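In the two complexes that follow, subunit A is the common piece, with subunit B as its partner first and subunit C second.
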Partner chain A sequence: MAAAIADQAIQGVLLGGLYCMFALGLSLTVGVLRFVNIAHGDLIVLLSFLTLAVCTGLGIHPLLSLVLVVPLSCALFYALQRLLLQRVTGQNPLLVLLITFGIAIIIQNGLLQGFGADTRKLPGGALETATWQVAPGLYVGILPLLTLLTAIVMVWLLDLLLYRSRLGARIRAASDDVAAANLIGLPTPRIFAAAMAVVGATAAVAACFMGLQMNFDPASGPSRLLIAFEAVVLGGLGSLWGTLAGGIVLGVAQSIGGEFDAAWQAIAGHAAFLLIFLLRPQGFFPKY
Partner chain B sequence: MEPLLSVHGLSVSYGRFQALHEISLAVGRGEVVAIIGANGAGKSSLLNAIMGQAGRVSGAIRFAGRDIAALPTPAIVAAGIALVPEGRRLFPSLTVEENLAIGWDLGRRGGLRVAEIYAMFPVLLARRHQRAGQLSGGEQQMAALGRALLADPRLLLCDELSLGLAPRIVDRIYALMPEIRRRGITVVLVEQDISRSLAVCDRFYCLLEGRVVLSGRPAETDRDSIMQHYFGA
Partner chain C sequence: MLRSQSPRVVAGRAVLVAGMLMLAVAPWVFGLGTISVLTEFLTMLVLALMWNLLAGYADVVTVGQHAFVGIGAYAFYGFAALAQIRPPAAILLAGLVALALALPAMAIVFRLRAMYLAIGTWVVAELFMLVAGKLSAFGGGSGVSLPLPVLRALGARPAERFIVVYWLALVLAATAFFSTWLLLRSRVGIGLMAMRDNEEGAGAVGVDLVRARMLCFLWTAPFLGLAGAIATLQKLRISPAASFSIIDYTVFVIFNVVIGGVGSLEGPVLGTILFFVLREYLSDFGTWHLMLLGALSIAVILIEPRGLWGLIRRRLARDLVPVSHHGSRL
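And now, the complex of A and B:
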């Protein structure tokens, strides 16, 4: 029993990498752009479908299709911020909430129209079943391991971008005080749009890894959004490494819950979230 | 010779409130010009309009021979106007050095270097890796002035440098005015502290309820007249 739980804990850490990956963009949106994107989960599902179309259309592996999907996603998120969301930033926060809620509905129905209600998965080939024997009796999947490592690299790169680059300093400045930034001549609409393009890059990578490991359909966005939210809040608003920790806690709770009863998997994640939120509402590494 | 900055018939309104009523003024190269006036006289609206950040604006604003009234703020800064905003407005979560770097980044990329700002304000050198939000008010004002100077401005706009600071600190900041002039930077000072600004300026404009009610040279204008116009008595 103990060995089974330990095994599930390890699988949970790996699953946490995936959760972190799709929470990262939301973490940036909430922590830096200071708004809540209700459509985050649906945008990721949209990108999963786009990845599916690209890799079946061109006959390439989903991971290779990222070369095409990441720039497309950056452009999509840039345009979304520049043309739509920028118009309501600095106004009533309810407006941006409603707009992203509307985008979520449009995406869900658009996907239903275009791709039908069928459940899909990205074709990962041999990568899907490849495993690595860590110790006698303990196997980890190469794909989940690759997901966790990619998530860690993404957090590290985003941290560098935000805290070590010129664009990062500009993004944090605009996030600190947008009126002051405008007054001294920072082009804040372009800066926010660039930040959103970075969110788009993380979303495209998340969409690919999610589509390789989990089934998706046009309606799976909201449940993804919920887990992403939980990871962000657990980690502490504004902290990227916190989001990684939050994702891993959720992954471990789900895996161990699932070990007892398959029906407990989802509920164990939410229960762990509520319990920790009760004890530490500011999250693990709060920035604000 | 055309003045460095000329404002002609400038009106600014925010919604139904009109902050400035067709005011006109000119600032020559190398001058220090003070804009004085009570709270709500329209001083900050004037500076914000020059920076391209006021509400609804009409009238002409010419800087160095070109009309800048319709330019976006980044282009205005790149043309050589830098602002020290009211209340300092540093970015609190950025370090002092990052705040200063943003000034350099936005400006004309010439003139003063960060090292020279640290030489002017040694206290900033010691605190360069601290977050700006942890600095005292005086240190923040020095950093805000440093940020504006690093943009290599031809025209420096200072909004209420003395606000909320101890007189001793204000003395130290104003002691830099000769140095700033020596570098050929033209200065527009907005102050509520009349005696402070009249002591350093060449000319002044006094605003009352969005209009210029008096202008002149401090040495040639008597104090009682200034006070009367300041309060609108």
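And now, the complex of A and C:
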């Protein structure tokens, strides 16, 4: 029994790596651009379909297709911010929310129109089934492990980018005080769009790993958004390492709930979120 | 009362009154097919009025409105089918259950601010839906049909039942419309509108924003629950996916209000009428229908955040349904 629980906990931590990936982009959007992107989950699903198209079209491995999908995604997110969302930035934040809500519905139905309602998966080849025996009787999938490690590297890189680079300094300046940033001549609309392009890069990686590990279909965006949102809030708004912690907590809760059935898996995740949120509304590592 | 003679306003109010009279005599004028669509229209109108009260006046955007519609549907089934209480009483009790469950939901989501609150309501709605799917007495994940005795209590034949459900929907919609109007004209509504115009100023003269927002949130819950009970009487069954449908009870509603005009009483009415007109022509196109509504709502937000009604209102001297009091000052 104890071994089974330990096993579930380990699987949960690994699942948390994937959830952290979903959430990193949203964490940046919330922390830097100061809005909640309701289309975040749907954009990730859109990128999963794009990855699927690229790797079946060119006959390459999904991980290799990232070379192509990441720049495309950056461009997409850059354009989305520059051409659409920037128009309502600085007004009532609820307007941005409603616009992203419209985008979410357009993406879901566009994907349904283009690809049908079938569930898909990215072809991972041997990577899908490879396991590593940690201890006698305890196996860990190589792919989930790779996902968690990639998520940790992503958090570290984003942290470096935000706090140690010139672009990061500009992003933080624009985010902290748009008026002051404009006053010293920073091109804030382009800086926000650049930040959104970074979000796009994380979303593309998340889309690839999600497609390798889980089924997806045009309607799977909202559940991804809710998980990402929960991880961000649990971790503390604006904290990237907090988002990693939040993702792992959700992963473990879901994994233990999943012992019973799929519905309990989802219930356990949401219930854990609400419970921890009530006890600690500011999250694990609040920035502000 | 200087400009109240404005002919456009008089004409607009005449259209509004004519519409209400038409709804009041509809059962004697229209066939059952039209009555069924009108019932659906009235239910959607209630949802639109409630979302508009929160988003347009209380500055609380929710994406989880379908939670209380679904709770109303399930509570109605529980009282009417399982406890075998007479349907009219069961409907009212369903509204009360929605109100009772709104309290813990509010305690959770009101700890979040603005946009985070929006997603928070969605999480709560998702949890309610998942739990509803675990209730085996309510048909579990696949749902259950309303038993025949419940329907017979409303009328011996289907045709009679259509009319009874229509009257219920009309009474609910009229109550929702006029009571929300009174709420907006009350101290609470004036405070909210003052807050919308100038938050610091309103706070300084003693408007309690948090209390006003809470009151609005709790105000909407029983109406949403009642709408859920009436929708169940039309659909004749409950299920987690259909009774807690985010598309039907939240997505469409948000689009209707945003397109029609958020922050006025005319906007949700206009948006809901437009929705049913568009649906007549576009429902065969399924996904395109939703994509068009999404694109339309984005365009409206960019061009005129007060929606189509905001565009029309520029050409009118005053509101058709006056919520603010500056009319009487003239």
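In this text, the second predicted complex is superposed on the first by the 284 of 288 C-alpha atoms of A that agree within 3 Å, B and C clash if a C-alpha of one lies under 4 Å from a C-alpha of the other, contacts with A are read in each partner's own complex, and residues count from 1 in each chain.
Simple rule for what comes next: a residue touches a chain if its C-beta (ideal position, glycine included) is under 8 Å from a C-beta of that chain, and two chains touch if they have at least 3 such contacts.
As the structure is a computational prediction, the values presented were derived from the model and not from experiment.
J.: With the two complexes superposed on chain A, say which partner A:L94 touches: subunit B (first), subunit C (second), both, or neither.
T.: Only subunit C; A:L94 stays clear of subunit B.
J.: Which partner, subunit B or subunit C, is in contact with more residues of subunit A?
T.: C
J.: When the two structures are overlaid on chain A, which partner does A:D217 contact: first (subunit B), second (subunit C), both, or neither?
T.: Touch status of A:D217: no partner.
J.: Given the touch rule stated above, what does A:R166 touch, subunit B (first), subunit C (second), both, or neither?
T.: In the superposition, A:R166 contacts subunit B only.
J.: Is A:D42 touching anything from subunit B or subunit C once the two structures are fitted on A? First, second, both or neither.
T.: neither
J.: Using the superposition on chain A described above, determine whether A:A180 touches subunit B (first), subunit C (second), both, or neither.
T.: A:A180 sits against subunit B, while subunit C stays out of touch.
J.: Considering each complex separately, which residues of subunit A are in contact with subunit B in the first and with subunit C in the second?
T.: Shared contact residues on subunit A (touching subunit B in one complex, subunit C in the other): none at all.
J.: Help me check something: in the complex, which residues belonging to subunit B touch subunit A?
T.: Contact set of subunit B toward subunit A: 48, 51, 53, 72-74, 76-78, 82-83, 85, 89-94, 98-99, 101-103, 105-106, 147-148, 151.
J.: Could you pull out which subunit C residues touch subunit A in their complex?
T.: Interface residues on the subunit C side: 55, 59, 61, 63, 108, 111-112, 114-116, 118-119, 122-124, 126-127, 130-131, 133-134, 141, 246, 251, 254-255, 258, 286-288, 290-291, 293-295, 297-298, 301-302, 305.
J.: Under the definition above, what is the set of subunit A residues touching subunit B in their complex?
T.: Those in contact with subunit B are residues 166, 169-170, 172-173, 175-177, 179-187.
J.: Write out the stretch or stretches of subunit A touching subunit C in their complex.
T.: Interface residues on the subunit A side: 35-36, 38, 84, 87-88, 91-99, 101-106, 108-110, 112-113, 222, 225-226, 229-230, 233, 237, 263, 266-267, 270-271, 273-274, 277-278, 281.
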